[in-house]
């Protein structure tokens, strides 16, 4: 049973990773990060059930809360950036380099 | 339960909340005092921690936090850096209407780092990590009208979140294998079941943890954010990031990875080897790329990457000596790099006072003749740079000395040629780094000044002088610091 | 009582040097009287010591110096005759120089340096150990360098000074190598207890060296003596290190007289004489000495015939005469043993007198006419009678002319000192030929005698006879210059009469130090023709020169032209200056060796390895490596994930 | 009485005060006074020094870093005291020579005093850790002296100097670590280790692995020969000298190079007999020595810049130090030590001459000079004396040293000595060639009106020349100090007889 959860989690993780690498829009990349976090949450919950203790679920609860905060900050930064640069296409945000 | 040992964290949290509350009530001008308030709180915390030195360990909140020499050393590092940054910020953010938010975020980030250094549980570790990370994301983008600052924040945020996710994923796998989030339990479980730890799931878990911590430590290839962020952020924030939050990665890695390497015999060599490779690549890459930088902040960022490479040597041999060396160099680096960024901030102040619309305030050209224009800053930066290069007597030298010693004696004891190779590369790197540090020194001392002498703002001067005293002081009287580092390393049972 | 003040012999001129150097400017005549007084003091002390120790005492004083070395004084017959000669000749030349240098603004420097030179030369003579000998020897060379380059603003003088120092330096290094080898051998036989150094004796003392001769491996002894001789070759201008001496004539003429005729150049001969017991124990080396000496005598004389510079002629003559002295040590050393030292040193001293005289006369002439070129002189006899007469005495002495009344049965010869001294040498060479069947050195010697006579009378006739060939108004030199000439002329005439006493005195030399040098029985006296041959040669030379240069009986213009390959070879000095300076100095050493080293340093070590391979490649690598940092955050993420992949590979493969 | 620490501390305090002074008059006065006090202290040490004891005297030891076993341990013996004396002679004279410095004078004199602190520390510390710290400290003031007061290519030279010698010291540090670790703890119960120099050097013998021993040896040797410098690690030196200001060159050549030589006697020779393959290592040292002697000589011949020529001559002269050390004969070793002392004095005169010429004529290229003796008679006289001393003229200190080295080294290293002798002629060659071209001959009118060296410059040089002659005529006072230690070093190697080929 655990196997399937882990497989799904791995798939979600892969999708998220792929998205981060390929997407250009800041919003999409934020979403992909959420996917990554949630694949980990899925793991935690599945292991919690498998191991028969609750700490995994507690951990997941913490992480969901944190993910929410993180998303808020991320969007805030994107908004601020959009105000200054008129774009959230990450390919164009490369003044800082080398 | 006796919570006196937690007073610093509690005090700082309350202070953070008080500051944001005050900020609502205060006029913009009065907010200038908030910096002094924060500095006072941090100073009080430092005193509180110094007052509780001892070698025992105390556990809190169902074993999720531990107060032991390791945590105390790192808390001291974080507090010291924050103190320097806060003092410098008094000058940097003078009359800024958002000072209350700045100090709150800074204090919260500080609390996050302190929690990480005390974390004895994956959950508290993660929460502390995120608290510190998120506060610093915002700090990096604090100049919200400045597109560079925002770009820095964005990159920091995206790579940071990615790393958090990787870290969490790694933690979930570790939890899955061991069935616990409590670090001592996890380690004991691995010690008892080394084969499980060495299973592919276990190894992948470890790798994700390495990636997560490596992001904070700015190890190649997880370093990519660091140069951009350090360059773009407000300079005092760069100082905090490079000198402070980076060490958070190290303390977490010490707690988790060193213990892991010690406990899991079958994997020990592999982990050491992996860190050996990472360390060598990191220091070499950092130093070589630093050579071709014109922006001092960016150069310091790469130098910071290189220093992370040196500190990672602690993981390459995982002995008490090496961890102590790592702790010492982390301490030294906090002072040197923190101070160096503050010096850069003075230069930015100087350049902006020449010309309000100046761009690239940290360009090498602006350092020309600094010794004439801002002698204290120039001298401080000279001390920091030489210390970073590992010239005695300085904190940088003592740290490198102990680290290199730890590696070379392992190389000799194990008759291991690859360890010898690692340490020789480290040494050549150390020499190579002189090249770009010396170039800055040349600009400051040899080239003619491009403007008049300025009056260096007092807060900066205080911060710089403190950092210089710390950097040289540790070099001249390293004994207590070595003791502290050895005690800290002893906690890990190495 | 004089022997207590032996050290003053050296110290007085040293004090003279210091005083003249610093105070000379403020004193009349550039402070010349200080060194004159000092050297007079040295001479008086030497004379006192001579009277004290004659006939069979030796003075030895020694002080510990450093590292088992010592400073010391050894005055034996050999040393005392040299001391007397050096201090006396030096004194005369200093007096002469007061007149000769009267118009030179740098007089104080001149007198300081000659004073230092005299001190060093005296120190060479009375050294009791080879290290001190070498040190003084080097300072002598230094003074020679300084004085040749006295008119340093003349490029030729500066170049000649350098050449003199460098060429003699080659010899000095050989000498030093000899000392090294000697020291090592001594310390080895001491360490192996084959030889014990008596209490109060030091390792490099001559006495210790002589005592240790039987214990030293003969082959090593040959090496040591050959190396010592190498030093002598350099200092005494023997072939092949002779080239510096003619060039050294760029210095003031008084310097040439003092250093490059009478004293310093004889130091090489003195070295061989001083260490003669070692040479006797290494007959192979003596043979080398004989050949080199004989060859040099002839070789230098051939160049003497064609030179037009009055001083150069004399310089080649000096080289040639030094060759005679070496020849004497070599051949007579083998043939008749201990007496060789006497024969050689006797010639050394008589040569010192007449050659110093020749130079001073030349100086007087140059002083008068303002040129060195004998082709521009002529007819000076009437204007400079004293100079001309003293010079003809010196020339007669040099060519060994006298009336051998003894051979006619009359007890006393009427002859110049050169007659006595040179005859003995040529006889010694004949003796050598007689005993070994090897007449080559003798042939060298006898041919050189002919050439000597030719070139010196050519010089005299070209200078003093005939009609003036230039417009210069010449006049006789002042008394301060002519009096030394007369004194020296007297010595050149009369010194020869001390021959027997001199030989007897010097023969005892090594015996007084308890060092055994074999004395071989002289063979039956040679036939009359052999005895008279040198004289015949001398007179023949005189007649030839008289015919050619006074009577102008032959037209020399055909011979004396660059069309004549032999003349060209001689006037170009056998191409030696080109060889030593251009080919060895500039082309090989500077051009090939030094430049290739420079190439390796600049282009390979620095340029290729440090700058290119290390420095530039690192900087370039940094420029490339930083491009990874594209600024696009997705790439960053990709690299993070790539890194994880690499770690997985590393750990999984390693862990498996 | 902590005389040695006082001797080191006074220039340090002097340096700090000097940095803070406002006028150059104050700065140079303080520099002269504090370096002079240091000289007086070292003369006092000299008067109380007993040359019959090989152990360090005036020992003082203060615990510094207990956990690493580091003590501030100072003392001088016959190896260190002559060099301490040399440093204290050279530094005040350098200050006198540079009396006219106007550019940032307070920093200039302060840096010179810091150099004094560094070299005195190196020559007196008996704890490896402290030794290393002083060893490194020396670099920084020199870096600044070159890059602040240097010539056109000062950047390149300063950084090359810094990195080159820093790499060498780090490699040396590795060897120190290994020694530290391989030595048994001083206290077997607590496992307390120590950086005590003699303790670690003695512990070298008990290392089992010959390969490890050789590796330690070579790493230490590398650290020292780069500093000396020896071929092929010498190329930093000519560059550094050409660009450095005169005072910097003087200190660099007279004192910093001696640190490498000092290391040979203090550290290399005591462990050489116990190394894994002493025979090969001695041969290696001898080869490096002879290469340096000849290479330095020939390269000096090729130089057109007077100062660069002098720099190469330093390489050549330091080769004798190495040769004497490698020969392991009591007098060759003392000769080598004396060579360091003597070269320290001689090279000062040479570099000061170059400095005066550069200052007065505006060029140091030999071909562009010519006949300057006409207008600079005093300089020409002193320079001549320096050059003659440098080419090994007897009665000057250089001869005594080279003579002792050559004569005694022949016993064990005959081939190398013959090669070295070969170089002597060429040594004379380049010195005289330079004198002839630059100082003598016709005055080069293109130089315009030049003037003789200033009084203080001439005074500093004259004192040095007098010292050179004094020690050339009377080497015993210094030589006697060295002999006891040289004998002891050679006695250690007594077991090597026959190993040396």
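We just call them A, B, C and D in the order they show up, numbering each chain from 1.
To be clear about the criterion, a residue touches a chain if its C-beta (ideal position, glycine included) is under 8 Å from a C-beta of that chain, and two chains touch if they have at least 3 such contacts.
In this text the structure is predicted, and so the values were computed from the model without any measurement.
Student: Could you let me know which interface, C-D or A-C, is made of more C-beta pairs in contact?
Tutor: C-D is joined by more C-beta pairs in contact.
Student: Quick check on this structure: which chain has its C-alpha centroid closest to the centroid of all protein C-alpha atoms?
Tutor: Closest to the centre of all protein C-alpha atoms: chain D.
Student: Distance between chain A and chain D based on Cα centroids, please, to the nearest Å.
Tutor: Those two chain centres are 64 Å apart.
Student: Quick one: chain A and chain C, Cα centre-to-centre, how many Å?
Tutor: A distance of 96 Å separates the two centres.
Student: How many Å are there between the centre of chain C and the centre of chain D, using C-alpha atoms for each centre?
Tutor: The mean C-alpha positions of chain C and chain D differ by 37 Å.
Student: Starting from the mean Cα coordinates of chain A and chain B, work out the distance between those two points in Å.
Tutor: Using C-alpha averages as centres, the distance is 25 Å.
Student: Indicate the residues of chain A shared as contacts by at least two other chains.
Tutor: 20, 29, 90, 93, 95-97, in rising order.
Student: In chain C, what residues contact two or more other chains?
Tutor: 626, 629, 631, 633, 637
Student: What chain-chain pairs meet the touch criterion?
Tutor: By the stated definition, chains touch in these pairs: A-B, A-C, B-C, B-D, C-D.
Student: Contact residues on chain C for chain D in the complex?
Tutor: 65-68, 131, 134-136, 138-139, 142, 145, 149, 152-155, 157-159, 161-162, 165-166, 169-170, 173, 176-177, 179-181, 183-184, 187-188, 585, 589-590, 593-595, 597-598, 601, 605-606, 610
Student: Sort out for me which residues of chain B touch chain A in the complex.
Tutor: Interface residues on chain B, with respect to chain A: 122-123, 126-127, 130, 134, 137-138, 141, 144-148, 150-155, 157-158, 161-162, 164-166, 168-169, 171-173, 175-176, 179-181, 227-229, 231-232.
Student: In their complex, what parts of chain D are in touch with chain B?
Tutor: 64-68, 132-133, 136-137, 139-140, 143-144, 147-148, 154-155, 158-159, 162-163, 166-167, 170-171, 173-174, 177-178, 180-182, 212
Student: Note which residues of chain A are touching chain C in the complex, please.
Tutor: 17, 20-24, 29, 90-91, 93-98
Student: Any idea which chain D residues touch chain C in the complex?
Tutor: Contacts found on chain D: 160, 232, 235, 238-239, 295, 298-299, 301-303, 331, 334-335, 371, 373-374, 388, 393-395, 399-400, 403-404, 406-408, 410-411, 414, 417-418, 421-422, 424-426, 428-429, 432-433, 435-436, 439-443, 474-476, 479, 483.
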